[in-house]
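Which chain is which? They are A, B, C, D and E, in the order written, and residues in each are numbered from 1.
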Amino acid sequence: MDITLFLFQLMNGVQYGLLLFLIASGLTLVFGVMGILNLAHGSMYMVGAYLAWYFTNSTGSFGMAAVISAIIALLLGILIERTLIIRLYRRNHLDQVLLTIGLIFVFNALQSLLWGNDPLGVAVPAWLDGAIPLTDMIEYPVYRLFVSGLCILIAIGMYLTINRTRLGMLIRAGESNRDMVECLGVDINRLYTLVFAAGVALAAIAGIVSAPMVSVVPGMGEHVLISCFVVVVIGGMGSIKGAFVGALMVGIVDTFSSIMLPQISSMMIYILMAVVLLIRPKGLFAN
Amino acid sequence: MSDTELVLETEALCKYWGGLKALDDLSLQFRDRQLHGIVGPNGAGKSTLLNLLCGTYSPTRGRILHKGEAIESIKPYEFSRRGIGRGFQKTNIYPSATCLENCSIAAQRRVGGSFNIFRSRHSEKLLTEMAEQALEKVGLAHRRDAVASRISYGEQRQLEIATVLATAPCVLLLDEPMAGMGHEESQLIIQLLKTLKQDYCIVLVEHDMDAVFELSDQLTVMVDGQHLITDTVDQVRDDPRVKEAYLGQGDEVI
Amino acid sequence: MFTNRAEKLFVWVFFPLALLMPLLLDQNTYYVNKLATILILSIFVMSLDYLVGRCGLVTLGHALFYGMGGYLFVMLAPEYEAVNFWIYTFYVLAISSVVALIVGFIVLRTSGIYMIMITLALAQMCFYFFSDSTEFGGNDGVFIYVKPETSVFGLNLFDLDNPTHFYYLCLLSLFNCLLFFKLIMRSKFGRIVDAVQENPERTTALGYNVFHFRLASYVIASALGAYAGYLFALQYGFVNPSMLSWQTSGTALVMSILGGLGTLYGAILGTLVYEGLHYGFEHLTENWLLPMGVLIILMVLAFRHGLAGYLESLLEKRK
Amino acid sequence: AEPVKVGVMLPFSGVYAALGDAGRNGLKLALQQNAAQLHGREIEFLELDTEAKPERAPELASSLLDKDKADFIIGPVHSGVAMGMSKVLRNKDAIMIIPNAGAAAATGPLCAPNVFRTSFSSWQPSYPMGKVALDAGYKKVVTMSWNYGMGKESLEAFEESFTAGGGEIVKQILVPFPKTEFQPYITDIAATAPDAVFVFFAGGGAVKFVKDYNALGLSDKIPLLGAGFLTEGTLEAQGDAAEGILTTLHYADNLDNPANHKFRQDYASSFGKPADIYAVQGYDAGLLIAQAMNTLGGDISDRKALIKAMEESTIDSPRGKFTFSKAHNPVQDIYLRKVVNGENQVLSIAAQALEDPARGCKL
Amino acid sequence: MSNLLEVRSLHTLYGDSHVLHGVSFDIKKGQAVSLMGRNGMGKTTTLKSILGVLTPRSGQVRFQDQDLDGLPTWQRMRRDIAYVPEGRGMFHNLSVKEHLLMAARPNQRREVLWDYDRVLATFPRLQERLGNLGTQLSGGEQQMLAIGRALMTNPDLLILDEATEGLAPLIRKEIWDVIRTIKASGVSTLIVDKNIQVLEKICDHHIVLVKGRVMFEGDSQQLLTQRDEVESHLGV
C-alpha cells in the first residue's frame, strides 16, 4: 500500500469513525451517562432518516427538513420518556430491554405503514454538493467533509457539557443515585426527560445527516445498533472521550481490515472489542 | 502481654493510590486471643489496612504473614479460608435473604459441599445450628427469619458480624462495627467482643473511644498512613501526640 | 421441589396438558411440530434464564451455544448414516461444555454491560465464521439428511422422523431441564449461586471463589443451550447461521424477561406467550409488529416481575 | 369446487420487505387478470411473513403444507429461506414456486419435481455480462459483491464467461453481508484502476454502493457493470448517481412487447408505483399457476399432471416469452440495459434463451 | 419565635408494616433539634417522610408556613432544606470537587453564605482529595463531603442523619463546631445522633422516638430532669 493510498484509507477510516461517533453519541448520553439501556436507539436513527426524506420532499429544502425533523425527534423523545421510560427507572435494568424492543417493533411497523418498504434516497443539498478532487482518480465530496466537521463539533460540545458544566455533573450524579440528586433540590425527572430527549434527537440528527449518504431503508436502524454499543463499550461507559476514541478506532480498524484482512474483516470490530475488554475490562476510559 | 501466639503480622506494608500513600511502611503484630484496636483520624488508612489483611487489596509493597507464612499474594477468597474473617465498614450483607440465610451462606463455607448440586440446602442440621448460633451471639436470634433489607441499620450491622462469626474465623477483622448502633446494641457488641477475644485474634477499627479503650489489649494509632504508636491503652491515651492528632483536648464539646 | 404456589400451579397445568396435546391436536403434523419448537425454545430460554436471572450473568451471546448444538452435529455426524441420538447428545453436551469452559474463562473476567458485549462479540465471530464458511453451507445453511436413531440397548424409544415422537422427546427434555435447574437452586450449590448474584463482594469475603461458581453455572447453562440447538437442528434437519445471530440471543432474552427473570418456569411461560402472540398476530395482520410491540410495552409496564410475577400476584390476591 | 390455496411466504417486514411486497403484488395481479383461466375456482391466499429469517423457514413451510394443505407455495426472496423451505417441501404434495431467490442449489443439486422457479438462477443474469464487457474492450475487471451465496455465484458466473473470452479478473472483493461501508473498497478500486467494475448488489446496499461510487467521483472514470438488481427498484433512491450504469437482467422497464405494456400499466394503476423485476417474477408465478390450471381445466388434484402441465407451459411474461428447463428454471432472454433518465432502457439482447446449466440436478 | 417546620401526626408504612404512628413536633427558627431513639425506631423514616422521599399515609408537614404535602422532594428541598443522609449518598462517578460544585446554589433569598471556598476551609481534609471520586474517600472523608455538599445549597434547615457516625473524635468535634456555627448563623438543624451528651449541649430541643411514637419532647432543661426516663428509652 503506497503512502497516498494509505492516507486515503486513513481518511476513510476517520470519516467513518466520526460518523459512527455521531450515530453513537445519543447512545453515549442515554446509555453511557444515564444508564438507560435503550435498544430503540437505532430506530431513532431510522426515524431521523425517514423524517429527513419526508420533509425534504415536502418542503423542498434539506436544511428546513433537518430542523423540522430534529424538533420532532426531540418531542418524540420527551413523549417516550414521559410515558414509558420514566416508569422503569426503579426497576430491573433488563425491563428496559423488553420495553425498548417493543418500541423497535412499533417503529418498524409505523415506518412500513407510513413510508412503505422501498429504498429511498435523499439528494445532497445543492450548497454542499461539490467535490474536491484529490487525485486524478478520486475526489472527496464536500458533504462528507461537512458531516465530519459536524461530528467533531458535537463531540466537543458533548464533552464540555458532560464533563465541565454543572448540568453535566447533575446528569452523571443522577445515574449514580437519583434520590440523592433530588434531595439536593434538583428536578431529576425533568432533567432526565430532557437528557433522554437530547439523546433521541442526537440519534435522529445522525439519521438526518446520514440520509443523503446512505439509502433510507427498513431495518437501517438495527444495522447500526450493535456498532453503537460497541463504540460506547470500547470507550468505557459514560466517557464521551472514550466513545470518541472508540468510534475512531472502530472506523479505522474496520477500514483497514476491509482491505488488508478481508477474510476476517467481518469479525474485526468484535475482535477489537474483545481484545480491548480483555486488556481493560471496563473499556478504555471508564473511571 | 505478648505471651500468646503470633497469628498475623505485617512487615513494612505499603499501599499507594497513585501519589497518595494510604499506608506507608507499616509493621504490626497481631496475637491470638487478643483484641488489637486500631484508631486514627479519618483517612489514616485503617480500612486500607484491613482491606490488605483480608486480601481485598494487594499491597504495593511489603509482606503479610499468617502464622509465619507469607500470604500477601494469595487470592482474596483464600484469606477467608485461612480463617481471616472480615466485617465491612459499609454494611455488606445479602439484603434479600433472611438473617438466617445470611449466616447459613457463611457457615456453609466451613461445612463444605458447596459444589454439591444434589444436596438440599435446607437439609443440614449442623449448618442451620451454626447459623443460629452466630445470630444468637450477636443478639439477633429474634430476627432469624426477617429479610435483611427490612431490619434497621443497627441490626444490619449486627448481622454483619454474625455473618463473619458463622465462618468460624480465627482472626476477626472488624471495621467500625459499632458505627450507627444504639447504646444498647453497642453494649451488646462490646460484651460480645469481650467474649470473642478469649478465643479469637480480633483487629478492631473503631471511632467509639469508650469501646476501644475498654476492649483493646493493644492499641495502635495511625496518622496519614503512618504508624504513630502501638502500646497498651493507658500508655496510648496519655501520649501527647495522640491527643494532638486524634483525640483532641478534653471534652468533645468545648 | 415446586414450593411456590404459582409455580406449582403452572407445572401441574402445563405438563399434563402438554402430554395430552398431540392427542388433542389429532397429531396434526404442523401443530405438533410447532409446539415441539416452542418446547425446544423453552429449554434454550430456561438455560438463559438461569444464567441471567439466577446468576446475574447477562449474556447476549447465548445463541453461540444454540447454534453450536446444531453445527456440532453437522460437523461430527457422517452425512448419510444414522447415528445414535444418545451418543451424539453426549458429544454435544461434552464438547459444548468444554467450549463453554474456555469461553467462560474469557467472558467472566468482565461483568455487566461489558460481559454482555463480549459475549455478543464472541457469538458474532462464530456467526460470521459459519456465515462465511464454504464447507458448512455458508449463509444458506446446511441440511441434515439422516436423522439419528434413538436405540438404547436395542430398544428404540423414539422415532425422530415422527413428529409426535419428537414432540415427546422435547417435552421430556424440557421437564428434565426444569427439574434439573430446580434441583440446582435447591441445593447447597444453589445457595452460593444466589449469594454470588446478590453480593459477590461479600461472597468472596466469606471465602468462596466467585469465579468458579460463575464458571460452573456458565458451563451448565451453555451445555443445555447447546442441547436445545441440537434438538432444533434435528427437528427439520436444517441448520443455518441465523441460529447464531444476536437476534436469536436477543429474542431469548426477551422471552425470559417477559416470563419473569430467574423464575425458571417463567421461561416456559415467556416462550409460550411470546410465540403464541407472534403466531396470533402474524396470522391476523401483516403488520403484526405493531400489535406485538404495543403489547410487549404494555406487559412491561403492567408486570413488575414478568408473567410469573403476575401469576404469583394473582394467586396472592385470591388467598 | 374448493378454492385453490396459494400460500405466500415472503418477507413483509425488515430489509427485504420491499421485494416481498412487489412479488405479492405481481402474483395477485396475475391471478386477478387471468381469473378466467381458473375455470371458476377461487383463489385463497395464505400469507406468511418470513422476516427473511432462515431458521423459521421450515416451520412456516410446514404450516402451509401440513396445516393449510396449500396447493401452491410461493416463496421466498432470501436464499437461506429458500433452503429451509425446500428442506420441507421437496417431493411433497404442494408445488413450490420460487419468485426470486437465485440460489443455484434450488434448481441444482436440490431440484425436485415439485419445485419451480419463475425468476432466475444466480448464474443467468451475470453470465452474459462477461461477453458484454469483452465486447466493450474491457480486459481487466474488478468484481465485487456481498460475501454470501447469491453474490458469490453471480461473480463466478461473470468470471466464467469473462475469463473464457480472455478477460482477467484483477481483484475480487467480497464485502461482509450486510455491511454497507463501501468507501474503503471503492478507494481500493480506484487505486487498482481496472478497465471496469462488475458488481452484484441489491436493494438498500445497491443504493448505497451506487451513491458512494458516484460520490468518490469514479462513475465517469471507471465504468460500472452489474447484475440488473443493482438498478431494480432502487433508481429513484439512487437519483443521478445511477445514470449510465450498464446491467444485464431478464427484464427491462421499456421492453416493447404487449404483455409488458399491459402489465406495467395495470401494475402502476393498481399499486400506485412503477413495477420492477420482483413484481414481474411474482406476476409470472401467477401466470404459471393460471396457465397450468387452464390446461387441466381447473382440476389440479392430479399432481403429476399438474407438474407436467407446468413444465410444458410457455409463459407470456412481460419479460418476453419463456419456457422451463428440465430443472424447472426459466429459459429466458437476458437483456443488456442502461440507466437513462432514471429508467432501465434496453440496449440489446445479451443472451438469447439462456438456460441455466443446472449443475448437479438429476431431473 | 415562629415555627419553621411543623410535623403533624405522620403515619408511614413500608408495605404492610406500620412504622410511624403519628409523629408530631415543631422546629422553631434558629433552633437546633435532636431526634433520638434506638435503632429501628423510625428516625430515618421520619426524616424521609418530611422530605417526601417516602410518602406518609397521613399527616402534614409545613415548612415556613407553607404546606409541603404532595410536593415532590426536589421542590421541598428548594425551599432551603438540606439533607445529609444515613450512608452518605456519595456519587460513584463524581469527584469530590464535582460533588460540591453540582450542589451549589443560593438560597431563596439569593444569599450565598456557603460557597466552595468556605466549605473547603471548613473541611481542609477535602482540599487534598479534590480529584478523587466520592466513593474512593475514607468513611470520615465521605461524611465531611456529604455535609459540605449539603451546606453548598445554603439551607435554612439542615437535616443530619447520623452525621458523626464513623468520624474520629477530633473531626467529630469539628463537625459539632460547624453545627454550632451553622446554628449561630441562624440556620436551624435537625440532628439524628446517638451521642446524648453532646446533643444535650448543642441542641435546644429534643425529641425521642420509640417505636414510631414521640415518647419525649422538651428542651435541654427538661431533658436533664427526665434524664433517666429518656435514657431508658434510648437503652443507655
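FYI, a residue touches a chain if its C-beta (ideal position, glycine included) is under 8 Å from a C-beta of that chain, and two chains touch if they have at least 3 such contacts.
Because the structure is a prediction, the values reported are computed rather than measured.
*Asks:* Under the touch criterion given at the top, what is the topological distance in steps from subunit B to subunit C?
*Replies:* Graph distance in the chain contact network comes out at 1.
*Asks:* According to the touch definition, list the chains common to the neighbour sets of subunit A and subunit C.
*Replies:* Touches both subunit A and subunit C: D.
*Asks:* Using only Cα atoms to place each chain's centre, name the chain farthest from subunit C.
*Replies:* So the farthest one, by centre of C-alpha atoms, is E.
*Asks:* From the centre of subunit A, which other chain's Cα mean sits the farthest off?
*Replies:* B
*Asks:* Name whichever of C-D and A-D has more C-beta pairs touching across its two chains.
*Replies:* A-D
*Asks:* Where the centres are mean C-alpha positions, what is the separation of subunit D from subunit E, in Å?
*Replies:* For subunit D versus subunit E, the centre distance works out to 75 Å.
*Asks:* From the mean C-alpha coordinate of subunit A to that of subunit B, what's the distance rounded to whole Å?
*Replies:* Spacing between the chain centres: roughly 49 Å.
*Asks:* Indicate the whole-number Å distance between the mean C-alpha point of subunit C and the mean C-alpha point of subunit D.
*Replies:* Inter-chain centre distance comes to 37 Å.
*Asks:* Go ahead and note the Å separation of the Cα centroids belonging to subunit A and subunit E.
*Replies:* Each chain reduced to its C-alpha mean, subunit A and subunit E end up 43 Å apart.
*Asks:* Could you say which residues in subunit D touch two or more other chains, in rising order?
*Replies:* 13, 147, 176
*Asks:* Would you give the residues of subunit C that are in contact with at least 2 other chains, written as numbers and ranges?
*Replies:* 128, 131-132, 289
*Asks:* Listing for subunit A: what residues touch at least two other chains?
*Replies:* Those would be 108-109, 112, 266.
*Asks:* For this entry, which pairs of chains touch?
*Replies:* Pairs flagged as touching, ordered by label: A-C, A-D, A-E, B-C, B-E, C-D.
*Asks:* Name, in rising order, each residue of subunit D that touches subunit C in their complex.
*Replies:* 12-13, 47-49, 53-55, 57-59, 62-63, 65-67, 79-80, 82-84, 87-88, 103, 105, 147-149, 176-177
*Asks:* So in the complex, the part of subunit C that touches subunit A is made up of which residues?
*Replies:* The contact residues of subunit C facing subunit A are 52, 58, 106, 109-111, 113-114, 117-118, 120-122, 124-125, 128-129, 131-132, 246, 250, 253-254, 257-258, 261, 287, 289-290, 292-297, 299-301, 304.
*Asks:* Using the touch rule from the top, collect the residues of subunit C that touch subunit B in their complex.
*Replies:* Those residues of subunit C that touch subunit B are 183-184, 186-192, 194-195, 198-199, 201-210, 213, 216.
*Asks:* Residues of subunit D touching subunit A in their complex?
*Replies:* For this pair, the touching residues of subunit D are 13-15, 17-18, 20-21, 147, 173-176, 178-181, 183-185, 187-188, 190-191, 193, 203-208, 211-212, 215-218, 221, 233-234, 236-239, 273.
*Asks:* Inside the complex, what are the residues of subunit A that reach subunit C?
*Replies:* These residues of subunit A touch subunit C: 37, 84, 87-88, 91-92, 94-95, 97-99, 101-110, 112-113, 226, 229-230, 233, 237, 263, 266-267, 270-271, 273-274, 277-278, 281-283.
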